[in-house]
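Below is one structure, written out as structure tokens; the observations come after it.
The letters A, B and C name the chains in turn, as written, and every chain counts its residues from 1.
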Amino acid sequence: MATKEATTSVKKLQVKRFKPDENPEKHYLNQETGIWAWMTTVDHKKIGLMYLASITFFFFIGGMLALLLRTELLSPARSFMDANVYNQVFTLHGAIMIFFFLIPSVPAALGNFILPLQLGAKDVAFPRLNLASYYIYVIGALFTIFAIFTGGVDTGWTFYTPYSVTTSGNVMAMTFGVFILGFSSILTGLNFIVTIHKLRSPGLSWNKLPLNLWGLYATSLIQILATPVLAITLLLLTMERALGIGIFDPNLGGDPVLYQHFFWFYSHPAVYIMIVPGFGIISEVISTFSRKVIFGYWAIALSSLAIAFIGFLVWGHHMFTAGQSPLANMVFSFLTFLVGIPTGIKIFNWLATMYKGSIDLKTPMLYAMVFLFLFTIGGFTGIMLGALSVDIHLHDTYYVVAHFHYVMMGGMVMAFLAGLHYWWPKMFGKMYNEFLGRITCGIIFVGFNMTFLPQFVMGAQGMPRRYFNYIDQFQPFHQLSTIGAYVMGVGFFIMAGYLLHSLLKGKSSGSNPWGSRSLEWQTPSPVPLHNFEYTPVIINGPYDYHKPMSEFQLGIATPHNGHDHHAGEQTNVSETEKEQA
Amino acid sequence: MLPPQKSTLAEGTDALFHFINITSVILLIGITIAIVYFSWKYRRRSDNDITPVITHNSKLEITWSVIPLILVMIVFGWGLTGYVNLSNAPDDAYEIRVVAKSWLWEFHYDTGFVSVNELHVPANRPVKLVMSSDDVLHSFYIPDFRIKADVLPNRYSSVWFEAIEPGESVIFCTEYCGTAHSNMMANTFVHTQEEFETWLITAGSADDDMDPVELGEQLVTRNACTTCHSADGTTLQGPSYQGLWGAERTMESGETLTADENYIRESILEPNAKISQGYQPVMPSYSGSLNDRQIDAIIEYIKTLQ
Amino acid sequence: MSQPTALKEKLDHLQHHFIDSDQQFDAAKMGMWVFLVTEILFFGGLFVAYIVYRSWYPELYLLASTELDTFWGAVNTFVLIGSSLTVAMAIRSAQLDQIKGLIINLYITIGLACVFMVIKYFEYAHKFEKGILPGSYYSYEGIAHEKANIFFSIYYMMTGLHGVHVLIGIGLMIWLVVKAKRKVLHSGYYTPVEITGLYWHLVDVIWIFLFPLLYLID
């Protein structure tokens, strides 16, 4: 690039090693303090934490609703809730867990925090848009809460027409709330795509991108392509109720199956929005806690993209009994089986990573193992549901409920917990009680299986879903399931306890308690306000455990650390010695 | 793990179910053994452990892509064959018309007789149900027969089956349809061919000799009135029958009236003409499924519930 | 990566997490393109609804389309295409540091957009008078088809949503005028104009699809 003019002003860039401070005095949590600073922050880390607090709140609410449902179901007839109330409770449980917890959980909470750090960037591409995303999420949530208190919604989280058009209750407020929330998801995806394309550190080529980021990238692609379709579907549904538009309601000349097509065109890719970030976390955790290079990097990276792509083509498998043509059923069933293959590939690659590794079963790794087991069950039961003849029997029964809880909770929530426990020290600079972490993982594992294994059996025996009453033969299964739910609840309360304790009184973690090679660990814990005090330079892949740690802490000094561009002087980089001993 | 096989279609569905289950369990055990064994065998010995640099293995990658692909294709083909079977009723199937209304099932036979929440069919003969809904989406599901189809308001859908022996099987509504969705159950009565024909001819006329009050009490159960109207004062979706006869009632419109024969008759045939105050207009109409004699019997029964 | 020894104001726009203006500009453009993709999917749903109902009731569409005034629809098409031209000229003005030209071109674009909305207003008003209202408020007897309300529901949703986007565009361009008057925009930083221009072009393109599909099929 040297031209005649440029030769005289060629910059000499000296790459040095920057060892992270083990006990940073100043970091993002104690700079910019006070509630106003938090509410107007454009720092991706604080925004990530605000999302984390919000999704934790909604997980708690959704969980309480689940316990209410399961308690009512202890006996076959009415225990303490009327059918009307029950129907609203299951609707809310689904809507809250999916839209206000799962969809934002990894991307918006953990992703916002970690993505720029793994890229060596100082923030996401559009920090103000990031804050706007958060407030849009809050506004969407407020509409939904408003809906609960002004009539409630009893349609199920799927809002099928014509029932959702004709039922009383505040369907419009809730669908509008979810519509707004969709934009939060879209803007987060947009931000991540541009950040990954444009803000990578020098040397960070695509083949060195952490698999966590490949996962977030694939997820973001789905978010921007699928969520707008949900938006238009919910807008049409709201208009249907408000103006009687008539596209989905047969009384007005419309078609209810068309609604289902529109709804599932988003909602199937949505399940991949929910799980693919989790896959990214599992790659990070397994590699770190096996201290071994990831096996099949490109297989894992590209399989996320394959899942994203094929995931757009299978929505009809939610509608095998809905009245689609047999040809449509056949095509959707075929493609559904194809989408399972890239996922299977990942599981095998992760196991192969553990082979001949140096495995340390700390809490994050324990959750990753739990993920492998539970998600595999979820995946296999998905294959079961993809088979046309069997699905005719199992559709809309508890078998489906068990399947999606195994993939969403046994899969995604476990991956989320793995990520939470993995990056906890990075976010707060503190460790949690490792013993309690492992015990809780065990309690949740046992409770989870107790809750949902019986549901597979019930479903296969014909127990329909969304049932307030049921026939006597299913009672033992329901009772076992309810006990399991309470066991899980206990586990989560213990977790809240030790995590809170960690925040208040936890031991200092140091910058890299796990010995990971990934870039986010090469900066102090808690993280400095602007992430890195230098511009990181990447020469290795993030899983190259055979390379010494010092090779992952290289960078170019940037005086003023990115501020004071206005000073206007040419920076004379090579002269500045910033290496800290 | 599955319900008894009561139709000719059940065996095929079950065989595939078991195949997938067994294959999945075998693979799951394999994966679990790998997880547990690797975690133990390769546990960290020291902080300075060196691990081998194994980045990939193309042969392995292809193997564990192709074998699962073959397995799922087998499952796909098998499922498709079963499905084709499930969707193609034989041409000579005996047709019964089904109407779903929140929250009951009406069965219309070729003799014109209508039964509510009771499906009577002959064994060892293909039966095809042609279904539609009067209001929202429902779904017709008989677990024992392994059949299911959504029931739509703007077009017909159908299922078919051949029951293999006399007996009873439960029918569930399995598409959420509102408050009493979980009470929208019916029963299938499978008869021998002769018994079925007898039943069809005498159906309805068995009621001819019955005492009206007794008949009325049976009718309100058989026709799912009791799903929403109690006899003992409990408030459900609809007002209780207890104390209804002759009482002064206020309607949503503000008008007050006495609950007499005409009011009860109108409520059965045109339920949304007058809505009792505090209740929702959700009752389906029985016009076409209850005849005058039956309505009289119901009125006589209600009279006894003071 | 060197910048001209720039005046202090010239770098005011540069955000701290970007290395230089070019990176910031590239990121903003990419972001807007990604957003436009989401808009295409958003409108795409309505186009699918259009296609589905047209395949079910083709005669309805031909019949109902006669109620739409092709002349004024064509005028609106040219109005929007013209406004796309003027917004592109606005970007060119910014690139050449012709701030006056930038402001004038923005005003013309806003003006044309307003003309579009005014014509839309008259179209809608005329229909409302006849009883062609959306959804269950439809009361017009003049079309011999029982599903006429569906065509117009789709018409109102598509043109209505498009109209909302035109209004948002007008708002954005007014904001650009304010920025230009405050001397914030110049050849080293005209990103807001560039990305608003991109947005405006999409709004134009969507209309170019809507017009033939709704107006020209009779």
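Things to note:
Convention: contacts are C-beta pairs under 8 Å (C-beta built on N, C-alpha and C of every residue); 3 or more make two chains touch, one makes a residue touch a chain.
Bear in mind that the values here come from a model prediction, so they are computed numbers and not experimental data.
Inter-chain contacts peak for the pair A-B, counting C-beta pairs in contact.
Centroid distances from chain B, each centroid being the mean of CA atoms, peak for C.
Inter-chain spacing, taken between the CA centroids of chain A and chain C, is 34 Å. Mean C-alpha position of chain A lies 36 Å from that of chain B. As a whole-number value, the distance joining the C-alpha centres of chain B and chain C reads 49 Å. Counting partners per residue, chain A has 255 as the residues that reach two or more other chains. Touching chain C in their complex are the following residues of chain A: 9, 116, 121-127, 129, 186, 190-191, 193-195, 197-199, 224-229, 231-233, 235-236, 239-240, 242-247, 252-255, 258, 262, 530, 562-563, 565-566, 568, 570. The part of chain C that touches chain A in the complex is made up of residues 2, 5-8, 11-12, 14-18, 23, 26-27, 30-31, 34-35, 37-39, 41-46, 48-49, 52-53, 134-137, 146-147, 149-150, 153-154, 157, 161.
Across the complex, chain A meets chain B through its residues 83-84, 87, 154-156, 160-163, 166-168, 250-251, 255-257, 290-299, 321-323, 326, 329-330, 333-334, 337-338, 340-341, 344-345, 347-349, 351-352, 354-361, 369, 372-373, 376-377, 380-381, 383-384, 386-393, 395-397, 457, 460-462, 464-471, 515, 544-546. Against chain A, the residues of chain B that register as touching in their complex are 1-3, 12-13, 16-17, 20-21, 24, 27-28, 31-32, 34-35, 38-39, 42-45, 47, 49-57, 60-61, 64-65, 68-69, 72-73, 75-76, 78-87, 135-137, 139, 141, 143-144, 146-150, 152-155, 157, 170, 172-183, 185, 280.
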